[in-house]
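A single structure is presented below for examination.
In this document, chain identifiers A, B, C and D correspond to the written order of the chains, with residue numbering beginning at 1 in each.
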Amino acid sequence: MMSEEIIKDVIIGENEDYIINMGPQHPSTHGVLRFEVCLKGETVKYLIPHIGYIHRGIEKMCESLTYPQIIHLTDRMDYFSAHMNNEAVCLVVEDAMQIEVPERAKYIRTILDELGRLASHQLWWCAFGMDLGALTAFFYGLRDREHILDIFEESFGSRLLHSYVMPGGLMHDVHPNFQNRIKEFIKYFRKKLPEYDQLLTGNVIFQNRTKGIGYMSKETAIGYGVTGPSARGSNYSCDVRKLAPYGAYDKVQFNESLMTEGDTFARYQVRMKEMWESLSIIEQLVDNIPADDYTAKMKPIIKLPAGEYFRRVETVRGELGVYVVSDGNKSPLRIKFRTPNFSNLFVMNEITPDIKLPI
Amino acid sequence: MNSILEYFTDLFKGISTLWAGMRITGKYFFSPGEIVTQQYPENRKTLKMFDEFKGEVIMPHDENNQHACTGCGICEMNCPNGSIEIITDRVANADGKVERVIDKHIYHLSMCTFCGLCVKTCPSDALAFGQKFEHAVFDRNKLTKVLNQPGSTLRKEAK
Amino acid sequence: MLNRQELTDIIREFEPEVEFPEGTPLLEAIVPAEKLFALTEKLKSDKRTAFNYLINHTAVDFSTHFTVVYHLDSTEFRHLVVLKSLIADRENPKIDSLTALYPAAEYFEREVFDLFGIRFNNHPNLKRLFMEDDYGYPLRKDFRDEVNIIER
Amino acid sequence: MNTNMSSNIYDFSTLTGAIHTWLSGMMSSGLVIFTEMVLVGLAFLLMYALLGLFLVYFERKVCAFIQNRVGPNRVGLYGIFQTIADLIKLLMKELIPIRKSDKLLFNLAPYIVIICSFLALAALPYAKGLQAIDFNIGVFYVMAVSSLSVIGILLAGWSSNSKYSLIGAMRSGAQIVSYELSVGLSLLAIVVFTGSMQLSTIVESQANGWWIFKGHIPAFISFIVFLVASTAEINRGPFDLAEAESELTAGFHTEYSGIKFAFFFLAEYMNMFIVSALGATVFLGGWMPFHVGNWEGFNQIMDYIPSVVWFFSKTFFIILIIMWFKWTFPRLRIDQLLTLEWKYLLPISLFNILLIAFTVMMGWHF
């Protein structure tokens, strides 16, 4: 006698997990992580993220490097928010040594932060479109991002990993063309951004694919430590630029983009709004860069007084915390980067079940 | 009745949003002037990098084959990846004093991350960034370069 | 938003054994390891403090002992506290897990376990996050790997 | 209205007739048929290869222009030999055997897919008098044959022992089976107008105007339905769920390499050609030139353009639209795909048939 349970279990295999791997070589994960996705039909039952494929032991390396040398490593943690990562370390060092950064440096840092945010959001937009199958979006996003990278290249010589922010200010002054180029770019991009909306945001296929998918409540976001645009889509106000302004953020008017729906489309809209906000922040700052020194006077060898320091900045993807334990030497005893993606990723298992496979 | 109305408004709204997207792509299809890609090897002659471009670390020499590097080793100390090695030599100068001169300034391009700390910290401004960007070679050893040219000497500042 | 003194008083009220070091930029509280979970539970559930957001959790190796560090924030009041616990036992370091209070702690703790070898009691899934199972604990000061790490 | 007088100069039946009489003079009648079959087969093989190569190149150029790029431009002038270079690369690639795969079915699948697309070519009228077999059920035949390729896709997905392939194949099966309905119903609209399923008759009936103009709004609706449904039936974006590369790496042909992959690739492009050619024949008048009412002079000029040119330009117009779809829209999810078919396309086309039957009954069409 076979009971119904046994028939279901053994013969039909109903309780058997059908697991497919998304990554690390899968086209949608680009070699950085692996999702172990368990399916029932086309519906996701559960999803386990596996990370560490590009873990480079930066924290260990930092223990034998001086602070200016650490900065060039922070670029590589998240290369789309290289400036913000640099700035986070610089803020810690400046805090600890009590250095007053010149206004000019603060303004330029803030402009660079926002330009970096724009460049990253453009790349996010095009990669998001590509993952959904709209390949043309990918090229439009990259086309516009090129203008920002050109601005970066003209001033700092590199397009992606520019260790340009130094403790005390900047590495060298910006190119004389800097302001003009930014103004040109803003004029150009204000015309192109509505096209993004027409191509993807309004599209009925796109809206059906994203609305109601991956719902994350505010409590889930806080509990898992999700920050940045992902959390702001759940009406969780967590913008460090507003909460604890650094740089020149206290001198500009901007709104924190919040959405209440908490689904993928809300998170998408938060980022689209942030692009407009970034444009307006840059517009407010670019004409008012004060003529000043680009850096404060710094000692050739930077030694932090013994103690523990913690600073947070808002990177593109959320809150980056830098925790430094110094014993008075020129390199830290322990440095810990609380990266936003580490926390943002692990909420995946909470929000993905019961949605269809193309996430 | 309402649901039927909804059905048709949904349908036509959907079609209009699709048409909006098709207008954008159609516009670009018929405007070849918007093409932004560069024809890389063909435009080598006209391709000009920005002045600040970090292609590789070079040591500028003047027309007398002289450079400004004193061999102090600050760049070596500041390099986070150990991509600079300096070999100094002790040579007796005209006055009979023994003085430190640079023998070889070795630069491993393969390890360099272009952070710019060596150029920034150099006290005598002996290093700079070059404009060359085509670094591909078939032999990894070719990426290790000696920056000071053979026979070059230290530039003496006019006192 | 409570200021530093008020927070100090509240924490002292919850747990009299807590020490508060002077002259730190943020409010720090050194908690005995076995009291950590109880104190954090109170800090989270109390209406006045409402520390519901674990920003950061890590450990520091001071060669003589480990310090486990928690940065707690309140999304309601936006005040911040740093909780620390000292673990003197280097051979078999152990501390209570905070996963029951903060889901975010699960992965922070797995990372700390992976890099320092500190075990967390009551952790639902304490496996190594990055490294292989038989690899050492790389962020300990006495860690040596002749093959993969070149020391200068 | 006798407009076909001047287009007779391009009538291919004189050419084929001449070949037939020349061959009959040399050999027995059975041998003549055999030789003609071989000739036709060779001609189709050549056309298949050339069209496949050209379509791949065309697609790459179209998507490049849409995306502000130049597209292939290195191999030959404007990169016209790029696809030939790709083909040589594919031919030289290793065929990777998959462990625990069903060897027979795994090897059979690409052939099924490519044979199905090959079969459909036979019934299409390419020009006046240039048609391999003029079935009296031509529309039915083309549809039946082109929907057979789902068998090959399912076999490929099942036999390659890969989860991605299996999911891709299952999706593809569900998709093709359901969209087959809408394609059929939208073509049925024109069959009702014409009263015949023979493709040559359908073309002849459009001598005084294409069905998309003659059939008023119902014909236009069925044209739109046909475009959408046939795009879905040939697994192209935005309906390319079967090979959604950001989800299933490559769907049902994940495990294929070399020439077997090339077969799938080529068949996909040829299917696109076949549905476009069918659409052009049924809705846009096939090889019939464009005529406007009583403008005799204009119509005369149009007649001087060869009918082959008319056929291929119409076909490529539809191909261009299908490519425009692909390079604009994001991909649908599987449930939305089925919703679109069963909730929107099918009721609309059913209602449309009713409308057309009424129009024909009242004789309102031209």
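Note that in this section a residue touches a chain if its C-beta (ideal position, glycine included) is under 8 Å from a C-beta of that chain, and two chains touch if they have at least 3 such contacts.
These numbers were taken from a predicted model, which means no experiment stands behind them.
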With subunit A removed from consideration, the chain sets that still hold together: B, D | C
Distance-maximising chain from subunit D - centres being C-alpha averages: C
Separation of subunit A from subunit D, taking each centre as the mean of its C-alpha atoms, in whole Å: 45
Subunit A and subunit C: spacing of chain centres that average the CA atoms, whole Å: 25
Distance between the centres, which are taken as Cα means, of subunit D and subunit B, whole angstrom: 51
Residues of subunit D engaged with two or more neighbouring chains: 66-69, 327-329
Multi-partner residues of subunit A (at least 2 other chains): 136, 143, 199-200, 203, 205
Subunit C residues counted as touching two or more neighbouring chains: 152
Pairs of chains satisfying the touch condition: A-B, A-C, A-D, B-D
Interfacial residue positions of subunit C with respect to subunit A in the complex: 23-26, 28, 52-56, 58, 60-62, 69, 71, 75, 78, 82, 102-104, 106-107, 111, 115, 129-131, 138-139, 149, 151-152
Of all residues in subunit B, those that touch subunit D in their complex: 11, 18, 21-22, 24-26, 28-29, 32, 34-37, 39
Subunit C-touching residues of subunit A, taken from the complex the two chains share: 51-52, 55, 57, 59-60, 64, 95, 220, 222-225, 236-238, 243, 307-310, 312, 319, 321, 323, 325, 333-334, 336, 338, 342-343, 346, 350
Residues of subunit A that touch subunit D when the two form their complex: 18, 20, 26-28, 39, 42, 129-140, 143, 199-200, 203, 205-206, 208-209, 356-359
Subunit B partner contacts - residues on subunit A that touch it in the complex: 65-66, 68-69, 71-73, 136, 143, 146, 153-158, 161, 163, 171-172, 175, 195, 198-200, 202-205, 300
